[in-house]
């Protein structure tokens, strides 16, 4: 395995990761597990400042980035302006990037506008990590998703992975596809007809010779899958509220559905993932199943972000 | 005195504190005074991360929690979303609790909704400290109030304590009652008729054999009291603005009123407390009196929160 | 040079600085350059807590204050309430000052209301640094501006400095004047007639025997100047949008204008400054000129704020 150096590089999109890169990030994340799990301390980021630029609320992503940085002994500065701050004064992201280069050693940025993080990175002379740019990319989430599959199943190769829910607008699943394609997986897309995987992504997968099929019921998606990746069906996507309610209910996972599909226990037990927050699409009666991995998945955000922060700043 | 272990426990309500608990917390707070007063440094919370979840503005409580954590060598992560953050995406507090467990060693949470902190604590596997849940509880404030009385008067037992102002909606006084009842105090409730102490609390006190009386003028409350605990009469409680103005004025403490009541100096000088912020209900001409304890009271928030943070994380 | 002690002093206005003070601050800032530029680490602020009270969004000023504090080993607590926080509950700045004294060792405060920082400082027993009080003062910006001129030109004495753009409402230029007057400079004010330097400042300069002239075109201002200090012409200053567009365009600096004025390269190359954010008044084709100093100027905020924090807390 050729180890690619991430030093000084931005993390903007999952497209920039090769299979080797992914495996390397996961390996380093694993080495940080004890620190992430509060059993050991570290100071490999000592003296290093991360600018936490979250121009949009995001409890989970922000907390895990800041926790990752601090548990490695680093520092965090923030201008936590969810109202887009001085950007509201009309500054370009490019200029913000120029400016923040002078203060921080690394930047984690989230913004509702697609392309905003790329633009900031162009102005920025220190590494920038995309923590989600609206409908665009969310590479750190996709990496922690792959890491979670590895931890839960031992491997990614050979698995059947069902992506379910809103496959049309869900940034998370789109980012994830671009990592999954490096593994020999079978994909199942389970969604309401209105929220199908867009053609561009299906073209992409055909181009990369990734095996996939589409189904329109959640149960069908579950049967035969090793991993179920649930996503949220957002109300704001629907003009018709009744339509939303109907579809939402059809894509709610609960214990009885899992039982019907034979995915509760034993060798056919399915690994259940979700980027969170959930708003009812996974019933709480699923939470205690051994395969319910979504809270462990959220926890995996810390070692993955530790690995990325350490990589791009050249501390590892 | 049996020393109760707080390790791993949540601090959700003043109801969970026995007299021994209260005295123990105050004793430990006292041992942190030099660190809180910036005369010594400490690192007993080294490696420990507090999640600061303030879903509501609160300069004083938030600053004192974060100051307490940092002066003890701990770290703070925050997703300071006063617009209720991803909760606005509909996540349950339970799920937020599950998630934050993975990142932090301890959580300080404030939220405008009663019961929200309890729900988060149910999902959370690390200790949660309630920093105020709307009209619900505010246990850390009540503990620092008791601590202030002890520091100012040497003891709580034997004192006559007047609670004045808005006794109907004031969360602070309700939380405080549940600690005061462990001491042999006489209580005086001084409020406008519209803002009297609710029956449930009076029942509670009768049940616990706590001596109390109600008066409807501030002056009457002051005469004979050792401690005056003022609270804010909030405009938003009144539909009629003129009514608000009338009542507000009747419950303004100033130097001349104190002088008339003989509470200014000497052995009958009264200890004046207020949870702050004040909005005019204590005149600035009172600030320089030896008994004006409200700014010292605010300062006491640091050692008390230091004690609680150290307790629940098992660092002490 | 008599070295004035800043220990325990507030930094509220540029008026409080003598020439010796300015030189001294710049000298100390220079000694912090390696730390600010991430080449060395420091812990001279160890154990020291800065309260970061930004009641208004300000990415640049806030990030540079927090970066300065943390790179010197200090701690930051914040109640980042851009909605003016508990002040919305009506607390006076005086009371907030009393309160924050109990928690922090030093305060950096920004607020949209003129005089707010002075009032907080009156209540506060620890040093307060004004990080901008609306139309009032912005002393740390003015100091970093002078520092930038020194670094870029070697000296301030003997230079011709053109202040351009909105000279009527621009807080930055007003604060800067009060420092420039300590040096033997020639000033040129280039602005639209509607946005001229107010009479009070011109009186002030005449009183101090500072040489200045007014011109109404940007090109005229550039010719013969050593330093060009651009400011933003804010749309909100104009009732008539068409008028705004006209004036804005007339005060846009681009490469071709600079070339016409002979300020691009060589011994007559002009040093171009801007407090940022810019919103189009400097064209990006200027960015790569050797004299384009505005991003270096933003970077200079860190060593200057390091010097001020270290001074007022007595760590230096």
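Which chain is which? They are A, B and C, in the order written, and residues in each are numbered from 1.
In this text, a contact is a pair of C-beta atoms (placed from the backbone, for glycine too) under 8 Å apart; a residue touches a chain by one contact, two chains touch by 3 or more.
The structure presented is a predicted model; accordingly, all values stated were derived computationally and were not measured.
> Does the subunit A and subunit C pair touch with the same residues on each side or with different residues, judged by whether over half of the numbers are shared?
Looking at both copies, the contact residues mostly diverge.
> Since subunit A and subunit B share one sequence, what rotation angle in degrees maps the C-alpha trace of one onto the other, as a multiple of 5?
120
> Starting from the mean Cα coordinates of subunit A and subunit C, work out the distance between those two points in Å.
Chain centroid spacing, subunit A to subunit C, equals 40 Å.
> Do you know which subunit A residues sit against two or more other chains?
Residues 80 of subunit A each touch two or more of the other chains.
> Show me the residue ranges of subunit A that touch subunit B in the complex, using the header's touch definition.
Contact set of subunit A toward subunit B: 38, 41, 57-60, 62-64, 66-67, 70-71, 76, 80, 82, 232, 276-280, 284, 295, 298-299, 301-302.
> In their shared complex, at which residues does subunit A touch subunit C?
Those in contact with subunit C are residues 46-47, 49, 51, 75, 77-81, 83, 85-91, 94-96, 98-100, 102-105.
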